[in-house]
Amino acid sequence: MSLRLTVEDVSGVFAIVPTPATPDANDPDATDTVDVDETRRAIRALEDAGVDAVMLNGTSGEAFALTPDEWRTFTETAADAADEMHVLAGPTTLNTRTTIERAEFARDVGCSGLLLGRPMWNELSPDATVNFYEEVADAVPELGIVAYDNPGAFKRKITSWDRLAEIENFVGTKAVGLGPAYWETIRQIRAADGDMRVLQMDAYLPAARSWHSDLPLVCWSSSASCGPSPVLAMMDALEAGAYERAFDLSERMAWSFETFFPNGDMAAFGRHTPAIVKARMREAGFLDPGPVRPPNPMTPESYLDGGRESGRRWKEVVAAVEETDDAAATR
Amino acid sequence: MSLRLTVEDVSGVFAIVPTPATPDANDPDATDTVDVDETRRAIRALEDAGVDAVMLNGTSGEAFALTPDEWRTFTETAADAADEMHVLAGPTTLNTRTTIERAEFARDVGCSGLLLGRPMWNELSPDATVNFYEEVADAVPELGIVAYDNPGAFKRKITSWDRLAEIENFVGTKAVGLGPAYWETIRQIRAADGDMRVLQMDAYLPAARSWHSDLPLVCWSSSASCGPSPVLAMMDALEAGAYERAFDLSERMAWSFETFFPNGDMAAFGRHTPAIVKARMREAGFLDPGPVRPPNPMTPESYLDGGRESGRRWKEVVAAVEETDDAAATR
Amino acid sequence: MSLRLTVEDVSGVFAIVPTPATPDANDPDATDTVDVDETRRAIRALEDAGVDAVMLNGTSGEAFALTPDEWRTFTETAADAADEMHVLAGPTTLNTRTTIERAEFARDVGCSGLLLGRPMWNELSPDATVNFYEEVADAVPELGIVAYDNPGAFKRKITSWDRLAEIENFVGTKAVGLGPAYWETIRQIRAADGDMRVLQMDAYLPAARSWHSDLPLVCWSSSASCGPSPVLAMMDALEAGAYERAFDLSERMAWSFETFFPNGDMAAFGRHTPAIVKARMREAGFLDPGPVRPPNPMTPESYLDGGRESGRRWKEVVAAVEETDDAAATR
Amino acid sequence: MSLRLTVEDVSGVFAIVPTPATPDANDPDATDTVDVDETRRAIRALEDAGVDAVMLNGTSGEAFALTPDEWRTFTETAADAADEMHVLAGPTTLNTRTTIERAEFARDVGCSGLLLGRPMWNELSPDATVNFYEEVADAVPELGIVAYDNPGAFKRKITSWDRLAEIENFVGTKAVGLGPAYWETIRQIRAADGDMRVLQMDAYLPAARSWHSDLPLVCWSSSASCGPSPVLAMMDALEAGAYERAFDLSERMAWSFETFFPNGDMAAFGRHTPAIVKARMREAGFLDPGPVRPPNPMTPESYLDGGRESGRRWKEVVAAVEETDDAAATR
């Protein structure tokens, strides 16, 4: 059986996309809230712009807030809309069996891989985490699995990379943060027999290169759904070893993020991620995410303002980057 | 519309039951893992013994580990097996809409109320918690809602009791712990216009009476599924103001709990609750809980041993209580 | 060498006292802020009222906020003021050697024992905790050591009771909380060869008896410094097996505590303990604690109001108890 | 009054030094454990090598473990040994007044500034944190204050940079980490009227430049006490805009850190910081830190091994850098 998303495919820009929502989607009585047309349009636009993959239902993609039917509709729509681009479904649920059922659905509708978090009602120990990933990986050997490592959502950071890297179709992890725990991830992966890659956050990637110059260039990017050109330009610059250009783009991104995380507080951000992310995306205008689905997080207006300002700034970065590209193109 | 589970009904022993599992239920490939016959038998046995209500799918009831189909099978079976006894379904899921759909199912198959936790992928703020309970309560006004307040599972303690108590069909909360936060719950409920009751843990109830002598006598009890007679006897003693008898029973329960929580560490217990609870119940022999469902928590053998020893001790307590009762009966 | 505070001496009411402060003590320029006269008066009053021991410098006693000179002045004054009553000094500092130096001073001025917390700049592991207690215990074999187990202050709960109980002059622990971790403390102590006692909080003691009827009757009480009669009356009632009387007193205490912990939030209380405790004591009027010493915790006025209301309520409880006693005395 | 350590002085390499200890310093009976000769030698060696400042008693400098006398001896010795180099004393204690007394001593013996943490027995709220820094700053207006922001030690991250930056002699902060909270620090400082600088960790500085190209170049470095040449070379490279050289050095540093933080776990590192740091420094051989002082952290041997391996690697980096320099010098 050939792996649809191989380790080598984990390269370039992996865009985090929202699950576009119909206007009534914040109503607890609403059904069929997936905006199918906008989903198709957004996926196409990302592929046309040159991103390498989309990752569907993590926190920003409201994995938790969709009904089972909506989850299937969205996954199938996205898989269908993509042409060559890899589509990683997000089948994280409260248990192994429901997740496997969704993973099989994702496989059957043409997804290449999974962005896979963990059951989080009870915290999984390191042993239980490895066991969980093994059981899902066994069930869908055709799909490449990228761990969704989010300690805020899943109550604990993943730490057993040496054992996870040995799983045949475990091809990567969406990294969180920089510093000692991140360095340890790299260390363990290098020490292990297996093979997997670390997807760093877009604006962290130039920084991360300062410690490991030889890592494959791959990032995850929620900002790509605000317009992918700055991230794509940054990847080109890194590829070319053009550090000043990469740093310049990274600095512009950081400027956009300045108002994104409320007071720099990740716990507050964690309580309101989809609401802030959607406010940002809506303002940036690359796609229309629609409203957040219940439970209503009752997000403070100041947090939404921060998200919107972040979106305005990103839009400005996009304009500057595309102007430069145009200028370059006409030279 | 008349409320099926009223505040006044929140009285006596509310048993926490497991979801009895077929022998293969720990296999990630298993389907239809609800042991329907054992479910029916256990519910009947509890009602016959005199418990006042059963609460279905919290953590011990593996709410998170059931497939949607299994959840419905179990809820319907339990509702059907009970005669006069109240049945509170456990429709906690990752979002409001799926929870409402389950709550409506529970209502339609004859449940009286809900034991209701919160979406826990993202931590809900106090405002978001109130909003969530309001939205579910609005959807099933016929059902009495008991909050499942579990900070380990749902990432934060409920604190806005004054606002929750005002929800018409919000009739109680499964309390966690003793001390200042518990006292504050009582204070807020008393200060609020609304009306709701606090279900204390069985072995904590005599203790809790030392601070509030006038609270209605009601407890939740997972131990009831190891044999309810000690808890029922304790409630009788408290009702009669027979403190020494109540204390004696409370002390025997605490002896059983001594090996139940691994090293007294609630975080460790939280990572392995269903596995330890089921090991205990199996050993006590009142019902057969079957194996735990995936994700496999990879529970250390010493934790399971502690659960089994706790079950053996509870069985001993049951025997002593029933012997006393028999002796009393033949006098 | 004979132990001054033996395990058998750990019995009755161990009062937590403040370090009475001169009116300017909240000024960062102030020196010699111990109100020596009030210290002497308060210690005498507590002994005259019948408390069995005083414990000097924990959190309420502002161990952290005193200059080294002030600490010695206070310790010596208290030791000197007490007649038969046990005085436990509070030599907790940032390191072992400074703590030993203070412990030796306490021994030399006539203290019987120590209320001993841990260095808290870096969290001590269980092994390091045992080692620390061993080293201090070795240095002052004449003194009985009572652990000050405060996870908020010292970053981690003590868990290795089996090993601590084996230390010759380790005679007790100031307990925190009820429930599994508390039960585990009792379990470990019983299982160990050594001998030590658990000092439960005053208002928790009747509750704690519901699980362990045979434990020696001893409590710590910060409320005793608001007037010890309710606590003394409660101990008498428990001694006599008069549960209803004990419960009645416990319920009155809990009523006083209702406004003491801000919104029942122990973390908030922990940031402001001395300020709230002193506001309460000042209002109760049994002694004059004076202002809090720097660092100024910038306590919200509503927290202080809660402390004052708690003090007013305690004063009311004292009046009711003493009236009953008077009535009894004249019968 | 002129400020001894101005904002402009916060530039270059600020070395974290240990408090060199006599061979018996791990004995709870030891006194006068400061190895005065080695202190003098190490300070001189650092200044001769070209570091811009030394920071004395944070966690690695065992601020908590020194007796008051030892603290004074060490501070005076270091101030005296330095010629032009800035010396920042570490007067963090459990309260404001003792800290001010030490700050005044530091000023009187010729220190330029303070590396200042917070009282940590009770967590200080943001308001209390600002108040504390204001009170100390007021007491020693001649000294430049650098905040020691260590959430592990002081229980909470500093967040009110806008208000701290307005304190006249508050000139900088020892940063912890990268990412949103760090970005927020920069954002607040820029938005505030006042003026202060952020000292980033050595191996993080190239990374940090990827987001803020215009920040003054300054870092703190504990590794400098393992031999400062790699850090000095990195600063030169950054100054010159030689990114590849800076990245190359940063990568070598990260390789040394790979085994420094046990399993990448910062909480574990926090329980054993001085022991691991000293093991590393001893192995690197630039100075002799001596043993750790009590409390004995009972550090697992594997953690010490990681520290030693990290020291060996650093020594290798030093050799490579100095060889390059020699080669350059002879060209």
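All chains are identified by letter, namely A, B, C and D, in their written order; residue positions are counted from 1 within each chain.
Assume contacts are C-beta pairs under 8 Å (C-beta built on N, C-alpha and C of every residue); 3 or more make two chains touch, one makes a residue touch a chain.
As the structure is a computational prediction, the values presented were derived from the model and not from experiment.
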Chains contacting each of subunit C and subunit D, listed by label: none
Subunit D reached from subunit B - shortest hop count over touching chains: 2
Most distant chain from subunit A by Cα centroid: C
Rounded Å distance between subunit B and subunit C, as computed from the means of their C-alpha atoms: 36
Distance between chain centroids, defined by C-alpha means - subunit A, subunit C (Å): 52
Contacts with two or more other chains, residues of subunit C listed in rising order: none
Pairwise touch network: line, ring, star, complete, or other: ring
Full enumeration of touching chain pairs: A-B, A-D, B-C, C-D
Footprint of subunit A on subunit D - complex, ascending: 159, 177-185, 187, 203-204, 206-213, 243-244, 246-248, 250-251, 254, 257-258, 260-261, 263-266, 269
Subunit D-touching residues of subunit C, taken from the complex the two chains share: 28, 30-31, 59, 63-68, 93-98, 100-101, 118-125, 127-128, 131-132, 135, 138-139, 152-153, 155, 267, 270-274, 293-298
